[in-house]
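A, B, C and D are the chain letters, set down in written order, and residue numbers restart from 1 in every chain.
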């Protein structure tokens, strides 16, 4: 029975400790920002970049947003959707934050969006591109400072059709982001007269691409459109080049294909064209200042994720200012954010009725370790926000 | 699928299967001889890839990195066996699962602390950085062929070690009956340490070899781990030849599954495993 | 300690937990509610690991299948009846466990661990890769099941306090149910199988049937926990079936000491508490977590209440094949 | 072999052969067991006695040969199925549930006769028939005073008795006992011999045993095995007189009393 005693004893102790620590007092005259981002696991680098970007804007404003001192509550979401609701709840109910900023992983972001909607808490998505967030699941409380999966891919579809490419094969991981990207591309490309001749998918995060390369070689399309990101993208691009396909069948994709992983490709990415809402070499004053400051503060070059974090802070700042600095006036904060024009390093953007950025999409070319802008392929591209009843 | 594509896909299957064999063979030896289930085996693959990245950056050559990395992995394996795994032989499988599960968390976090969370590439050695033209648009990287060759050489070497050397005799005996080995006066603890270190080194070597084509990234070990489990189950625990056959089966199933039944490609290898379980619950080549 | 003291302590623990909603803090009500769900999940696994000696490393599959069943069976714009989705989701999880059990129970030891893992991985890919459950991003349960029977609604799961007590009562029912099952002839056979399956066979037991029964039952109860999880959070994702979840629930079982239902409940609390505390301390909390796990295994063999395990090892001279 | 007429043949093994890889552990072993008889398998270590008993109990499938129980071919039956038809066995290494009480060990054995796994709500301890049967078998095996002890703490001899009680509780017609006397003191040994004699009256017993005194005290029939081969089979007197047995086995004094 000794083990029983231990068991029960621990049970009591555990329960008691859960109850303790309830009344974390809430600070006044501050604004509380909840950062729910990945700090461990595959997307840790992205989570850090977003955090850096956000904090940089706050620092530029003397540690304040909307005139109030910013206080952070930080949660590592581990990119684990299974814990997402709980983590979001922690920020919303326990820490009582005024805004939740997160996250990278779309599944986690969807869970967070539900919490934000249910609890009427303001939320800014600084990366996750799932169309649904500003589509069927849109909400007055949910904003996005990044993009929808549809945007860069649709722009690429238009661009390729315009360039007279007739047939395209697609490859992506079989998960929502990839499938939404391919769908967005296909929509624009086939509208412009092209044809997607072969759609291939492989389980996420499988990176054994060789069979698909062989298949591409036997189908011989005019071009290949892929959605991959991070390490998988680096591997795909390297494999594509090593298989000798790069010189025969041009490869295109949304910018994640070549973002943050060019070093890992070891030159195989050189010359690739991708579409995204940010690029290197924009050469605007806004961007140059941002990049200089960022590099000084964090000793690394900023990337698109840092920009998205930076803009999340800008958006919230705009909302707060409209509400006279009072985050409890949610209606006014929301109105202020929705109406704002954000002076982003990527170029100014506004927000759609579903709260997704209406922004320029750049065509970029890989040169060395940079994605250098070629041109704006879609001016002020707005996500159609299908299914949004707002 | 035309004939040329079929041949190339076969080549792809072989290459993928052989690389998997390198990881799975260490796993199956550790399972079979030491009776230990090691979830951290995938981490050794990850560690190998990161070693390749770090050492290649430092020395400028993948070859040199591998030459340095293998002894490091051996020492690391022997150390782990001494410090941790030696305490697990008489424990439940459940505790082995937990300890090695804890190790995964530790290894991943240490990796994050030491090397960061970025994706890195490793350059292919210059003399292997070429391609062979197969069809008018498709060519095959020489480095991939080189990997296959190295894997085959290692498989043959492993065969030689197990069949022809005193160590191999001990390994075979240990695989069959632990008490018999002890009664022969063999220091079983030393056999275990060597086998474990070898297993770690093979997984790390697989990671090093794969690093130029897979790049180096966080959590890269866990994908390899589960597919290795499937291989060990199909091949039979403790059977190196089973692992070879099973790895090739998985290589073919995965490659052709992706092309022929793309909707189901995620589960093809598991279906193969289920069929093998029905047919031969102990694996297609139990022991050997 | 006699049975009476143990009983009183359990009641006290229960009373403390039952008081959680009095705090009025919805975060803690939900958090403790979630821990209770995980405790049910852990108890279901304990039936296999602690009482039958089957170390399943794929138990999250049944949790996730039932969670998906709730989301898929519920209509999009209205609430499904609790009395339909609850048995249906448990039944589907149990059915999955039965079918998978037919395969995995043909194996033993290390094989069993790996094969359960592999089948759970297969289930993971089914939800991850098919549109069945919203793919990789998961899917919402927009309306929690309604408890209405012929117009009368005894409780409302949208109310967080009702939800909490619904979970707590379910936990108590599962606890009593399992305690009773373990007293039954069936339960005694399971314990016999854990101790020495071969001997049970030579006594004439068709142990496969008993193990299949236990596996199915554990799958169904794991499904019950999955049902509660989906209802509590209203969001399901393929990650619920991932091997990390299977590993976590195993950790709860061993932390509490396998083969001890009350201990396993404590294990669930200890595990979640540890995660919370470590994650608050440092960004590198997984290092601490891993360290604790390794230390527990090395220095507390058989978990905190591993006495039966030690006797077993002493009797079998260390062979655990 | 057939001098005991009018007796019911319970177990008949014909030309059992078992190979492990290249090693032949048993070759063409035939054994017949009748009701009311104790048949002893005798042989030096490594003669293949355990392999033989394992084939009879279903723990090892034979490579060749047939086994019949009361006229039915049981060669393909599993150990559990053989237990159900009436063949019970004990093991050379004590094989009980050490953390259970003596009563629970035997009750579990008794319960195996009525398997209804779906009854998960009744209490095992309330099934009177199983408890009564368990107590009766414990008494029959001479362990009456140990009913409530935890079996793990019993003396070695008592654990052997417990094994016999467990086999009895399964209603076995045939008892396959692997060295039931091994490791026993002379007193324990004598009482076990008495138990065996009592049990023989209604059942058939196949015994693997080393203790020569006990063997000749209880055996009705003896089969001598050497190197996996059947050397001689007959009543004790015939075995004592056999030149072949003496040369091969009885001559080597040291293996007599283990």
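Convention: a contact is a pair of C-beta atoms (placed from the backbone, for glycine too) under 8 Å apart; a residue touches a chain by one contact, two chains touch by 3 or more.
Not measured: the values here are computed from a predicted model.
**Q** Could you tell me which chains make contact with chain A and chain B both?
**A** Touching chain A and chain B alike, sorted by label: C.
**Q** Looking only at C-beta pair counts, which chain-chain interface has the most contacts?
**A** Pair with the most C-beta pairs in contact: A-C.
**Q** Which chain has its C-alpha centre farthest away from the C-alpha centre of chain D?
**A** A
**Q** Taking each chain's centre as the mean of its CA atoms, how far is chain A from chain D in angstrom?
**A** Once rounded, the distance between the two centres reads 72 Å.
**Q** Cα centroid separation between chain B and chain C, in whole Å?
**A** Whole-Å distance between the two chain centres: 32.
**Q** Taking the mean of the C-alpha atoms as each chain's centre, how many Å separate chain A from chain C?
**A** Distance between chain centres, rounded to whole Å: 34 Å.
**Q** From the mean C-alpha coordinate of chain B to that of chain D, what's the distance rounded to whole Å?
**A** The computed centroid separation for chain B versus chain D comes out at 47 Å.
**Q** At least two other chains touched by the same residue of chain A: list those residues.
**A** Expected reply: 40, 174, 203.
**Q** Considering chain B alone, which of its residues make contact with at least two other chains?
**A** 108-109, 112, 266 - these are the residues of chain B that touch more than one other chain.
**Q** For chain C, write out the residues touching at least two other chains, lowest number first.
**A** 125, 128-129, 284, 286
**Q** Thinking of each chain as a vertex joined to the chains it touches, would you call that graph a line, ring, star, complete, or other?
**A** The chain contacts form none of line, ring, star or complete graph.
**Q** Give the pairs of chains that touch; include all such pairs.
**A** A-B, A-C, B-C, C-D
**Q** Which part of chain B faces chain C closely enough to touch in the complex?
**A** Within the complex, chain B contacts chain C at residues 31, 35, 37, 84, 87-95, 97-99, 101-106, 108-110, 112-113, 222, 226, 229-230, 232-233, 237, 263, 266-267, 270-271, 273-274, 277-278, 281-283.
**Q** Can you tell me which positions in chain C touch chain D when the two form their complex?
**A** Listed in rising order, the residues are 180-181, 183-189, 192, 195-196, 198-207, 209-210, 213, 217, 308, 311-312, 315.
**Q** Flag every residue of chain B that touches chain A in the complex, lowest number first.
**A** 1-2, 4-5, 8-9, 12, 15-16, 108-109, 112, 116-124, 131, 133, 135-141, 143-144, 212-220, 223, 254-256, 258-259, 262, 265-266
**Q** For the complex, which residues does chain A have touching chain B?
**A** Residues in contact with chain B: 40-42, 44-45, 48, 174, 200-203, 205-208, 210-215, 217-218, 220, 230-231, 234-235, 238-239, 242-245, 248-249, 260-261, 263-266.
**Q** Can you check the complex and tell me which residues of chain D touch chain C?
**A** Contacts found on chain D: 57-59, 78-80, 83-84, 88-89, 91, 95-100, 104, 107-109, 111-113, 115-125, 127, 130, 152, 166, 170.
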